[in-house]
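Scrolling down, you'll hit the structures one after another.
In the two complexes below, subunit A is the common chain; its partner is subunit B in one and subunit C in the other.
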Partner chain A sequence: MSVLAQVVSQPEFVRPHIDWHAFAPELILLGWGALVTIVDIVGLERTRRFMPGLTGIGFLLAMVPVLTLWAQGDAFDGATLPRVLFDGAYVVDHYALVLKGLFLISGYVVVLLSTNYMAEGDYHDSEYYQLIAASVLGMLVMTSARDLVSIFIALELVSIPAYLMAAWRKRDLASNEAGLKYMLMGVFASGIMLYGMSMLYGAVGDTRLSAIGPALAEFSSSPFVVIGALFTIFGFAFKVSAVPFHTWAPDTYEGAPTPLTAFLAVSSKAAGFVGLISIILFGLPELSEVVQPLMWILAAATMTIGNLIALRQENIVRMLAYSGIAQAGYMLAPLAVYGDVPDSVQSSIVTYLLIYAAMNLGAFAVVITAARRTRSGDISSFGGMLNWAPGLTAAMVAFLFSLTGIPPLGGWWAKFQIFNALIEPGTAAGYALAIVAAVNSVIAAFYYLNVAKQMCFLPAPDGDNSPIKIPAPLNSAIALTLVFTLISGLALLVPDITNFTELAGSAP
Partner chain B sequence: MFLNQFLLLAAALFCIGVYGVLARRNGVLVLMSIELILNSVNINLVAFGAYHGDVSGQVFALFIIGVAAAEVGVGLAIVLLIYRNRRSIDVAEANLLKG
Partner chain C sequence: MQDFLDNWGITVMVFAPLVGVVAMMLLPEREEETHKLIALVASVASAIVGLLLLVNFDYDRSGVMQFARTDTWISVVNADYSIGLDGMSLPLVALTLLVTPLVIIYSWNHIPSPGNAKAFLMLMLVLHTGMLGTFVARDLVLFFVFFEVVLLPMYFMIGVWGGEQRLYAAIKFFLYTLFGSALMLVSFLALYWSTGSQTFSITGLAELVADGDVARNTQLLIFGGMFLGFGIKVPMFPFHTWLPDAHTQAPTQGSVILAAVLLKLGTYGFIRIAIPILPEAAVSWAPWIGLLAVIGIIYGALGCLAQTDMKRLIAFSSVAHMGYVMLGIATLTDFGINAAIFGMVAHGLITGMLFFIAGSVKERYHTLEIARLGGLLVQAPRMGWILGITTMASLGLPGLAGFWGEFPAILAAYQPAPGLSEELFRVYMVIAAIGTVLAAAYLLWLLQRTAFGTPSEEFEDDPHIHDTVFTEWVAWTPMLILIVVLGFVPSLIFDVTNEPASMVGEVIAALG
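Moving on, here comes the complex of A and B:
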């Protein structure tokens, strides 16, 4: 009864102040998504071919407020970053803005990748783009969410459209199966995560991470809270396909339409990481003694098992799936030392996410383009690519070298940041994990360079060397990702924008 | 305040749900087991909300009810799709792709 009495006794309702500028990227994407849906319903077949372009424009429009917010919003309305909305449940700071930019641009690249694939495949293409926009909207919310409820809503908004899109090829049994496995495992994982969240809420009596963080100090050894924290982390470990929660990933990646696989491997995984970083760094700073060993084991197992299984893959999409699992292991690694150096942990993971998005989307773009000719995902079918697509091969070699971590490409700089964060506190655990990561980078070089060898030095299986025709959307996707991969390594562009200093205050 | 009883009920429901997800092979029954897990979370949240005298637990539970409906809608659509192509909703038979 106390709750009811409290609600009734509240003073009259006062409309809360809402910072529309800070909330603009989400609102623009939401409005534009609704507009695209209406255009599709009214126009039917006549407007179908404009859908990819329209959706892409929506992502670019939503970039505008991200940029104006970044360039110090006070020029417009006198407010400065970080902007706190809804009593601290929603925070727009530099960390959130960098990631909003990442999600919008990678969403745009996924639209470019999908354009020809969907138009030629006889699918329901316009609905597909609307679902991508919905999923990206969830990612934008995830970057700013600092509250258990909004993190949960954001995670489901990212996932539910993705379940549908994984099963998009309706009559293909492999695609049905990809969707079923992804959906059942995903919903199960979010159930486990919610149970953990309910424990955290029960201990503190507040859903805001800024309230949970300090309040957990007095519970740091209570099994109740530890179980809550671990269950919450397991839910995100599924999303980022950390071993042993990775079993859905290779099957779903292989069965789903390939552009969607790129979306899952980059955007959806990055969204999982954003949720994990927010929960751990803002919500569980006091539990570092419990969470750090767990993250150590998860990171070491994820990179080792991902790499070892990737070694014996024959299909390039499965190979990229397992390599993505291994890459997730590198990104999890800094969380094993977050209690000591939270700032470097946050900026190193975000740096890695930005560069990983560029190089992995690029690799998928090349695979999608080349598969238009080879009609197969077998690595051996990419033989002789240097002859029939020299430019494409050069781009792929750059992406593979970057994924391996060879200087001066972006991937090298990303790995360097991870090692830096691991070594910085000078603990034995940090050094040991850095060694595991270094050994894994060497193992990974073997299978990445094997693909490059196949493309450059082996003959085409069918002996056909006539040049390939690359559609304009795929061409621009490859150019965009290649430029970012190159300049992020050469010009060290990324460290400037991921040098966050906001964690010290742990967001109000 | 009888907080313990609610928590024990929720824990029991949660365990039954997890057992169902792991042991059942019928797609619809797996979805129902997941519903049990989500309902155990709702009981937890409402009980804690009442215990702390805080409404956000109930708000959280309402959000979960809404999202669970969407999840089951999508889940049943995918199970139906599988049934149309295969004439079976046995999840163990979905083994074309080998992890």
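Moving on, here comes the complex of A and C:
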């Protein structure tokens, strides 16, 4: 009997049950992405202008099973949420579904942001959209991945297309630098992370988080395991641009095409956070005594240093990059108390991610729109915007005040939830970090309001007040993000979908 | 009708201005007159509903929340849309309802440079909703949201329509207030979790704390956070430095609203939230509050004497006057709290009025430098007289409203609540009394230098200087009448505030 026949005839192998419904969002996006690629190869230049539309439709199609899973999770085909696949390595629960929705919709918004930019810049736009779709596919996988290997693969699928896209403006040195820097740092981070993961696997002998979590109880003081956990976390700290692993972010953000910057600052960062939450909450609950102080320091340093450097920025994209670093600090903060109140930590970070996505994508949408006229990223070039684009200014003011955290705009509810999670356990560390975050939100107000000041209080630098025309895709992107920012600010919808009653997925 | 008022009265009153905002948003900017009309109608509609509430208010039960309703808002944190009106909030709601329409009327021909009545009035209406909402909120989250909502319109009002230093003043105002309210939010959440019952209801929290669910040290720290939030808004010394800048740079309308209502959000927070919920901590903090209050009185008065700008002088006088209000609150007695609420209303009317006059003077003379003014009584006699009456009211002349804010507050310091040091508060009393002398000095000196004498050569034959015009009369008369009426019949307010104030006083007395 040949070796092959032996393998095939092994009686132990049972084809794992695949819950096609639970897997549908990823499959649809994969299939649609392949279809779009084929259309591109066949149609070449003739189909180029349909590419953004087609990609956008793909994202919306993939939203359909997300919604049906959410609505009929326990009735449609007998399965209940959480739907557990592959022995707990892949879980579809409310947490995963909310985030899948976030990634699909923000992917759609990024396509809207890119449409005019790419078409007018004479870039290879078909491939660009296919890469966006591939990256979003990685994010979808990330939301459900509960296994070290699938988390790693998801993260690479998110990152590798992004390395390419960061260098998309081929003839621009800044863009080349952006891509190269991002790739080198990213690969380095992945290497460290993989090393850490291998240590965790070495200790426990399993890659599933549900198995690692309880098994680590007996290893909680083993330096081997602690180093493994720290390396894994450091890898993610690069992805979410936490201080001191943030140095790539401003250069990459400034050099990359601005729509892609929005994608990096929102979707890619959120994907990093999802991985981080999954690993820490599901995989490392027993190591909270080691991980919590680390997260405390990371969070405090990230928000403080991000804010302080943002104060001095004169370029709007760099300012948003540093402000994004500071915002990442707020999102990291609840992880400093995850051992006490895991449920609140999970829902507060997801709340923040949802609202942050809307307000930051909105801010980028306005920046991209305004740059069509100013041809510059200087904050001073926004002068007099109230006169030449009053609607745009009003939208930007809403996004900025939301980022500051002023009610009734979404940002306040996000911050409220962060404070809430920090204070809930009643520990001194939680209180102290809440106060650090409170002081930081005041520092941040200064530079956000500085932009508002330029737009509303100061005259246009060139004195030209003729109104601008806003292309339809950008208009819809702004409208979409603005509506969500306002709705979430009244604390509607978001609290209901982020109220994860149990740490779903921790049980296989 | 009663049914409607009970269920919807307050909601309609608070949100009617926003309907106006939406309507104005849909109209193009050039239809200025329509915008003014819509703004006026929206604010008057709110005032009419408010008036109906005032008429139907049961004044025999002013200690009880009336027209109250509670609906679930954010169930995950048990935050409710919970509103109501009682004797403590009623005078302030009435003040807000009065001032905003008057300011809008004043704006009819006084839209400050660079124009754009649409945006200006929209911000005014948002401000109106924020202020009313803060006064009727009975839930800490709702209170916080309304408390913060006022920041945005005020920031733009100062930044777009303000004076030379407007950019600096606007950001300073914003950052100071935001700092306070961020820590205030942390305090609210600390209260939410430390009681163990997870509620944001103000009365609910007060009961839980009274049952001894929160450790004393925690109470002290939580009160400290609230103290920063409310104290900066009042503003108390040493957090007051944003106020002179904001007042001086803001357009007239902004200054009036700021003086008349916004500052009261801070003092109201003390008597509605901080003291009733944390009475024990309040007793521990009161000597310090009293100290800062009297420092504010003297410092504000000395600051006034040093000013060369009329608007800045009035701004510093606000620091001093709010010092009396805070002194009244710091005594923690029903008498002191009554005085404080009266002081808030009186200060709102009088200082609001002073800012109106300052704005009109500025419009005519294009300067507020006291040294260059003079002879207002010759050039614009009616306005000069109005200034005279208002300064008299401000320095606390009996028979005008200012007296009933100041005098009882000083008197209350003679006999503070049990548990507080009598000697200390009597010292405060003496210092505060000296403050009234200083107040007389700076206000009379102001009157003398601006209204008396003959006009300076510079303005002698200036054709722009004319007497009070129609919109000014419409905007000012109600305020002037109230200043006089409240001066003679202070019981109009004391009767309403007495019951809720004594409820607070009793809680404190029970501790001592």
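In this section, the second predicted complex is superposed on the first by the 492 of 508 C-alpha atoms of A that agree within 3 Å, B and C clash if a C-alpha of one lies under 4 Å from a C-alpha of the other, contacts with A are read in each partner's own complex, and residues count from 1 in each chain.
Rule of thumb we're sticking to: a residue touches a chain if its C-beta (ideal position, glycine included) is under 8 Å from a C-beta of that chain, and two chains touch if they have at least 3 such contacts.
Keep in mind that this is a model prediction, so the values were computed, not measured.
Q: Of the two partners subunit B and subunit C, indicate the one touching more residues belonging to subunit A.
A: Counting residues of subunit A touched by each partner, the higher count goes to B.
Q: Considering only the touch criterion stated at the top, classify A:Lys181 as touching first (subunit B), second (subunit C), both, or neither.
A: After superposition on chain A, A:Lys181 lies in contact with subunit B alone.
Q: By the touch definition at the top of the document, which applies to A:Ser198: first (subunit B), second (subunit C), both, or neither?
A: In the superposition, A:Ser198 touches subunit B alone.
Q: Just to be sure I read the superposition right, which of the two partners does A:Phe401 touch: subunit B = first, subunit C = second, or both, or neither?
A: second
Q: One more residue to check, A:Ala428. First (subunit B), second (subunit C), both or neither?
A: The answer is neither, since A:Ala428 touches no partner chain.
Q: Pick one for A:Tyr163: touches subunit B only (first), subunit C only (second), both, or neither.
A: first
Q: Tell me the contact category for A:Val14 with respect to subunit B and subunit C: first, second, both or neither.
A: A:Val14: touches no partner chain.
Q: In the complex of these two chains, what residues of subunit C are touching subunit A?
A: For subunit C paired with subunit A, touching residues are 73-77, 79, 141, 144-145, 148-149, 151-152, 155-156, 159-160, 166-167, 170-171, 174-175, 178-179, 182-183, 185-186, 189-190, 192-194.
Q: If you look only at subunit A, which of its residues touch subunit C in the complex?
A: Per the touch definition, subunit A meets subunit C at residues 347, 401, 404, 406-408, 412, 416, 419-420, 423-424, 426, 431, 434-435, 438-439, 441-442, 445-446, 449-450, 453, 456-457, 491, 495-496, 499.
Q: So in the complex, which bits of subunit A are touching subunit B?
A: Listed in rising order, the residues of subunit A that touch subunit B are 2-3, 6-7, 148-149, 152-153, 156, 160, 163-164, 167, 170-171, 173-174, 176-181, 183-184, 187-188, 190-192, 194-195, 197-199, 201-202, 205-207, 247-248, 250-251, 254-255.
Q: Quick one: which bits of subunit B touch subunit A in the complex? Just the residue numbers, please.
A: 10, 14, 17-18, 21, 27, 30-31, 34, 37-38, 40-41, 44-45, 47-60, 63-64, 67, 70-71, 74-75, 77-79, 81-82, 85-86, 91, 94-99
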